[in-house]
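Chain lettering (A, B, C and D) follows the sequence in which the chains are written, and residue indices restart at 1 in each chain.
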Amino acid sequence: MKRMLAARVLFALLTLVIISIVVFAATQALPGDAALVQLGKQATPAALESLRARMHLDQPLVAQYWLWLTDLVHGHLGNSLATNMSVGALIGDRVANTLVLLVVTGVIALPLATALGILTAIRRDRAADHTASVVMLVIVAIPEFVFCLLFVALFATNVLHVLPAVSLIDPDQPLLSQASAFVLPVLTLVIVSLPYIARTVRACMLEALESDYVAMARLKGVPERQVIVKHALPAIAGPVFQVSAQTLAYLAGGIVVVETVFQFPGIGFAFVQGIQSRDLPVVQALALMLAAVYVILNSVADLGTVAMTPTLRKGAR
Amino acid sequence: MTAVAETVKQAIEVADLRVDLADRDVNVVRDIGFSLRPGQILGVIGESGSGKTTVGSALLGYARPGTRITGGSVVVDGVDVLSLRGPALRKRRGELISYVPQDPFSSLNPCRRLGAQLAETLAVHGVDSKAEQRERIERILEDVRLPSTKEFLRRYPHEISGGQQQRIVIAMGFICNPKVVVLDEPTTGLDVTTQAHVLRMVRELCERHRTAGIYVSHDLAVVGGLADRIGVMYYGRLVEAGPADAIVRAAGHPYSRGLIQVIPDPHRRRVLSSVRGRVAPLDERPDGCVFAARCDLAEPECRTGEIQPVALESGHVAMCRRTEVVRSSPPANAALAARVSAPAEAGQGFLSVRELTASYSGYQVLKDIGLDVPRGLVTALVGESGSGKTTLGRCIAGLHEEATGAMTVGGSPLRFGARNRSREERRTVQYIFQNASEALNPRRSVRDSIAEPLITLGSVAGSAELDERVDALLDDVALNPRLATRRPSELSGGERQRVTIARALATDPSLLVCDEITSALDVSVQASILLLIERLCAEKNLTLLFVTHNLAVVRAIADRVAVLDTGVIVEEGAVDQVLDSPQHAYTQALLKDTPALDLD
Amino acid sequence: MTDVETAEAAVGERTRHKQRGGFGLLVRAALRRTEGRIGLALVVLVAAVAFLGPFFSPHSASELISAPYALPGDGTVLGADGLGRDVLSRFLNGGNVILALALLATAVGVGAGVVLGLIAGYRRGVLGQVIMRILDIVLSFPSLLLALLFLSIIGVNWWIIVVTIAISHIPYVARVVESGSLAVIGRGFVQYAEMIGVPRRRILVREILPSIVAPLTVQFGIRVTWSIGIISSLAYLGFGRQPPSVDWGMMISENQSMLLSNPLPVLLPVAAIAVITVGANLLTDAFGQAAGLSGRRGQSA
Amino acid sequence: GCSGGAPEADSAASGVPSGPRKRGGTFRFASASFNEATGADPELLGGGSSFPCYDQLVKWDANQRLQLELAEEFAPDPKDASTWTIRVRDGVEFHNGKTLGADDVMFTINRILDPKLGAAAAALLGAIDPAGLKKLDKRTVRLKLKYPNSQLPDGFTSFCGVVPVGFDPRNPVGTGAFRQESFIPHQQWAGTRNPHYWRPDSAPYLDRVELIGLSSPVAAVNAMLSGQVDAIDTVLISQLPRLKQRKDLVVVESQTGSVQFVSMNCRKGQLFEDPRVRKAFKLMLDRQQLVNTIYSGHGAIGNDVGVFPQWDSACDPGLPPPAQNLDQARALLREAGKEGMTVPLRVAELLPGMTETAQVLIEQAKKIGVTITLDQVRDNAQFYTGEYYKAQLQIDYASTMSMYGGAEYYWLSDAGYNAAGYADPEVDSLFKQGLAATGAGYDAPLRKVSRIIQDEGPWLVWGRQNVFSAFTRKFTGITAGAGGGSLNEYGLWNVSLA
């Protein structure tokens, strides 16, 4: 288990290094002169030169990458080109906001979806199951921005006026006092992530319920509730953990749309803004950060699955 | 008077049990009735699909998904299990009547420790005290000869061997001291030695706990020595039931007799015969006797009306109109068969293996093997599970390359690894896999599977000739060429194995390595495959290396035998010589454990 | 030698026929299920609208035919958008490219995934390991972000959309194929083919590929849906087709500001995307069930 | 220049305050331009010029007339347009307590002229010679220009916030009505009331101002409707009905000279080198259709100059409105040998609706057999790069302009943003003539320039746009303005609780 953990961490690090190369290569491969792009209408030769030096554009690519990477390792994310502020200061609050968003979403969506999946599996082919699966299907089918638009009209601007339409978050106030700004983004994320988890849980649960060992438990006289709790649930823990972490990882990328629509000051929205304003250091830092969240969650998913599945645990030794 | 006294003492009484499919009006089993006294064992035998599992689980009031118990009664210790519902039924399961499933691995929860699963069985039946649970677990594990250390109880099912898993589920079946235990083929898939252990253990446990046992199997040889009574099932009916001895020696139903005739005997070579034909699908239930279509003695009257049970002697009934005729016709297998070919001299090997050592990523499983397979004869390779039989076969077939040593075929050296061999070598040596459903691509038709070696190694001109060759090969293995368009899933197990044989024959090989080609089959199907192999050997002058763990099969088919024990050949020689007077202790033990019907 | 080849060709042809028969069997089994039939109907419906729509469109998609924001009735069937273009015509013209791109991206991604997965699964060894680890890395980059990054760097080009989406499919498909072929590789029929020396490529195509057709079909369904989702999300974020051509994602983003006054220009494309997604899902489910796979769908991230 | 005066806006609705004003309150304002604010430097594009913490020397008022702000006097030598005097008000205090003086003015001007900074106004202030700046007394600066420029104050009307000596944009200090409290780029700027503001009375009335960045105009309307902000500007026309439904909101419509202009590349060898081709395009346009579709009728037909006589008398008020004439357009193309030409149109969504304009243009061009293809720049940041000076046809925009700004920025052969490569010696010399003139002598040559530009200039200016803002009735003091910039032309000092 320990060796496996070390291997997984090593692999995650390697992944991040490679991603950093890709991100760097991609962003530095911008057509034209990054400095010119940045200055745009204000590009005077003198301004251009000073910006080029500031961006190390006058050095060879490998040196640029090395500078960037060493800075990164030392926690210096560089300075935003657009605002000339340190990237760390610029996105610090946004990272926190996004993390809160993801965590809250996870805390609500995971138990809800798991419960839903289990219930529909137990009530297989009954009305509740069919209704749930139709609803889930429709949710999967509708693009997430449509939900955003719908919820805004429903709760903020047209029908009810109980929630804010855009998520303005004042970094100086405690997040708790601004909880209302999180409601609609969380609601949207919960809704869009529900089907994936619930359907996986349902499928695993059905598989477990049809297994020989559940039949055996019933033949041993184990009460039905206990059959589900003690026999079926442990068997699905691994896959459920896996899909949950993967859904969260997916959300880390999927927040782009939701954050943009709600103008939620998080890293997904910042990423889009960074791309639009060609703010290379910001884009680089955010791309790396999103990838890191993704990599970490995926690693956690793998390790957790192994930890929860005895057969794999043995194999890992 | 006595009848009444008898009834009181019964542990289980089953009458008119009937199970139908849930969605269609199709009968799966019906008219099942028997009774057992405490400590007695009923062996239920019958070929695959005859309804054994259905009956076994119905005894616990449990109908598998898709089926429904539609009638009858199962009275265990005075309680009619079938009349119970919900929690009342649940409480009786495991406590009054318990079930030991066919496949222990899939029946143990992979995510829970052995200790927890054993303790749970006690806990749901009211044994709440940890100490008492602990004590009873210890006791039952001792009964099944498993350690009851903390470390062992903390293991997960995949961390113990198949035999141990089997013993755990048996322990689970007995742990609550039920009145009746249903054991559903608990030894299928185990090697003879382990099987012998389990059988002894079941006997002991039933006697010690005064538990009535219902032991389901397809192999009469297994049940013959164990059961007090035997019930023969065919097509959802109990076609014959009676004392074990009476069934074995004087069966009154042609099907029971057929079953006896298909069982090879390790102690003497007998002529095998097989029951012709196939079982009809469930929804085509014929009128009259369900066996009539496959029965040599059937008269037109057998095919109409209800067949009534005929009482033969006390407690022995058969569902046959012609029991008298059946019992009076001489048993076909009484004759001892003599091998035509004379045992070849050693050193005349067609295949010879010298100093073969094989390992898996460094772990050595075969040590210094020397083996000669004489031309034109059947050489059997026997040994327990894990002794390395398959590995040796795979080395010869070119499927295992991590090996050293020398092999020659017909005098020319044979390299390890099929890709290193010439076309001719690959053509000459063919290998048939243990599990036919594994060996055939489920997505490809029979024709495509058989055509593959013809295309790769044969020389066929055009598709017309190809079709012709395929049809001829199917004919060789006694399959209807119409089956050529089917996929493996549309074939029975025996048919599938015939296809793999046909495929091996396609290259016109000289040496055929057969790896346990019958061990996954019913005894009745096994007999027909053995007959087929025997015929092909004679017709095509094949040299056979026949890998098996069953000494009875060896006696039936082989000329020579080599005994493999943990990677070393411990004994080798002509079959009759080795089996009649085994020299090595290992061979002796193997022989002792091989179940046999005592017909004399 | 030559007759072997002719025989092989002959058999090859028949086998291919058979394989289609095998796939056909799967299709028939899937369509026997109600959800399969409903799914097919929905997919066909939307595909018909998308691909035949342009032939029935009353106006060109870009023509200014009425006052902006005209409601249904005033000379238009479904009203006009903010520029006075016919909503119906735009809807009818807006589906083909989205669907074609989605199909193309999926086909490319699934194709590449199958090849890489087969290599990794069948050859294993260092090459296989390297392939799978690289794909793990690809997997760890959120595909929407990847697409945004490339599109903003290289510019909006249909082939970049196709390539980025295809890349994002590869790891998922390759994983399914790899594990599918790993499961098959030790099986007797593959071993037998190895033993008689069937050429490796033929083993891949004849023995291994057919065994993973069912999970692959399911993956294809999931991947198409996923492609449609990403393409419409990209279009919504402003990285879609270039005007004056129109696609459904663009319609949604162009008209979302008037969602409440005239919802049709938004609802129509949303409904079309939703319907085809539901249809593809139902069809995929039916395939999965027909092939005896458990209902567990690949994680769609 | 003199002015026709802006038509009165809905003054009842906008509630121009009467009687004493209330003090206090926080005003949350989602300004479209703030979303692009990446820094607090008032001299930079995307900087803090719109933050209410700076004031300028001069400013356009609501009717686009020049108004003195920090300057008490800003005048040329009566005979020589190359010598100017600036005197600032007495007793104006910066937020850091320092008193505004001549040094600060000189510092600000030098800063703007410093090429390293890349200040936005530098192009308009090219006449100023840094060496010719001289402090006359504590509050007075004398400017000696490189060449006469009678319109110098015009160059100071935007991106010219006055900052103290030693100004550091990371810690911004100005003289404005609100001092910066916090600033998150793109997201939020908060300012608290400057109690020492220089304007009389008790202005500013608000305690606090928050500028809020919302990247999408629809999101801004949503925020307004859900009560998260008190005012928004640059409202999308499609959103007006939603706002107008609400009784608690006021929508202000300002007539402005904001334009989208299509610029045609007239450099040698380029597609629009031949004036006949430019003329053909001018005749091809159905301007009313454009105004109707793009502005939903909330605007007026343009004049191809981009400057409108009601806000600048130097633009000829008698210019005939250009009318569509397809036959003549076709004929001109034929003459020029450009029949059936194909031209790429470069466009970015710099303002909402620009891509739509392009789509309408494509349709209109079809009528004279011209194929316009779209070269869409998805990334606004990419628009003003090298390609900007190479494109054949592209859509750009400007808020209300003067002839001076138009010439200095775009039309002179050496103008900084002369993307079209327009070069007409007559325009250059007429402009020079106008700058050298003192008094009212400026208008006549510039009117001539306006006629030339309209006839054969590089632009298609098909319409000017009315700009909408909205605010809640909780506040007052918000009025329509002609500038086309933000609410009250950023004069938030005048806003108060209703």
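In this text, a contact is a pair of C-beta atoms (placed from the backbone, for glycine too) under 8 Å apart; a residue touches a chain by one contact, two chains touch by 3 or more.
Since the model is a prediction, treat every value here as computed from it, not as a measurement.
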Determine which of the two chain pairs, C-D or A-D, is joined by the larger number of C-beta pairs in contact.
-> A-D
Whole-angstrom distance, CA centroid of chain C to CA centroid of chain D, is 48
Taking each chain's centre as the mean of its CA atoms, chain A sits from chain D at a distance in Å of 41
When the centre of a chain is set as the mean of its C-alpha atoms, what distance in Å lies between chain B and chain D?
-> 92
Separation of mean Cα positions, chain B and chain A [Å, integer] | 53
Find every residue in chain D that makes contact with two or more other chains and list them.
-> 242, 379
Any chance you could list the residues of chain A touching two or more other chains?
-> 158, 260, 275-276
Going by residue number, chain C touches two or more other chains at 152, 155, 256, 260
Mind giving me all the chain pairs that touch?
-> A-B, A-C, A-D, B-C, C-D
Within their complex, chain D touches chain A through residues 38-39, 44-46, 115-120, 122, 170, 182, 184-188, 212, 214-216, 219, 221-223, 225-228, 242, 379-386, 417
If you look only at chain C, which of its residues touch chain B in the complex?
-> 3-4, 6-8, 10-11, 14-15, 18-19, 22, 187-189, 191-198, 206-207, 210-211, 213
Chain D residues touching chain C - in the complex, by the definition given at the top = 217-218, 236, 238-239, 241-242, 289, 292-294, 296, 349, 355-356, 358-360, 362-363, 374, 376, 378-379
Chain A residues within the chain D interface of the complex = 32, 36-47, 50, 80, 82-85, 90, 93, 152, 156-158, 161, 163-166, 168, 170-172, 260-263, 265, 269, 273, 275-278
Which residues of chain B touch chain A in their complex?
-> 57, 60, 62, 64-65, 87, 90-95, 98-99, 101, 103, 106-112, 120-121, 124-125, 156, 158-159, 169, 172
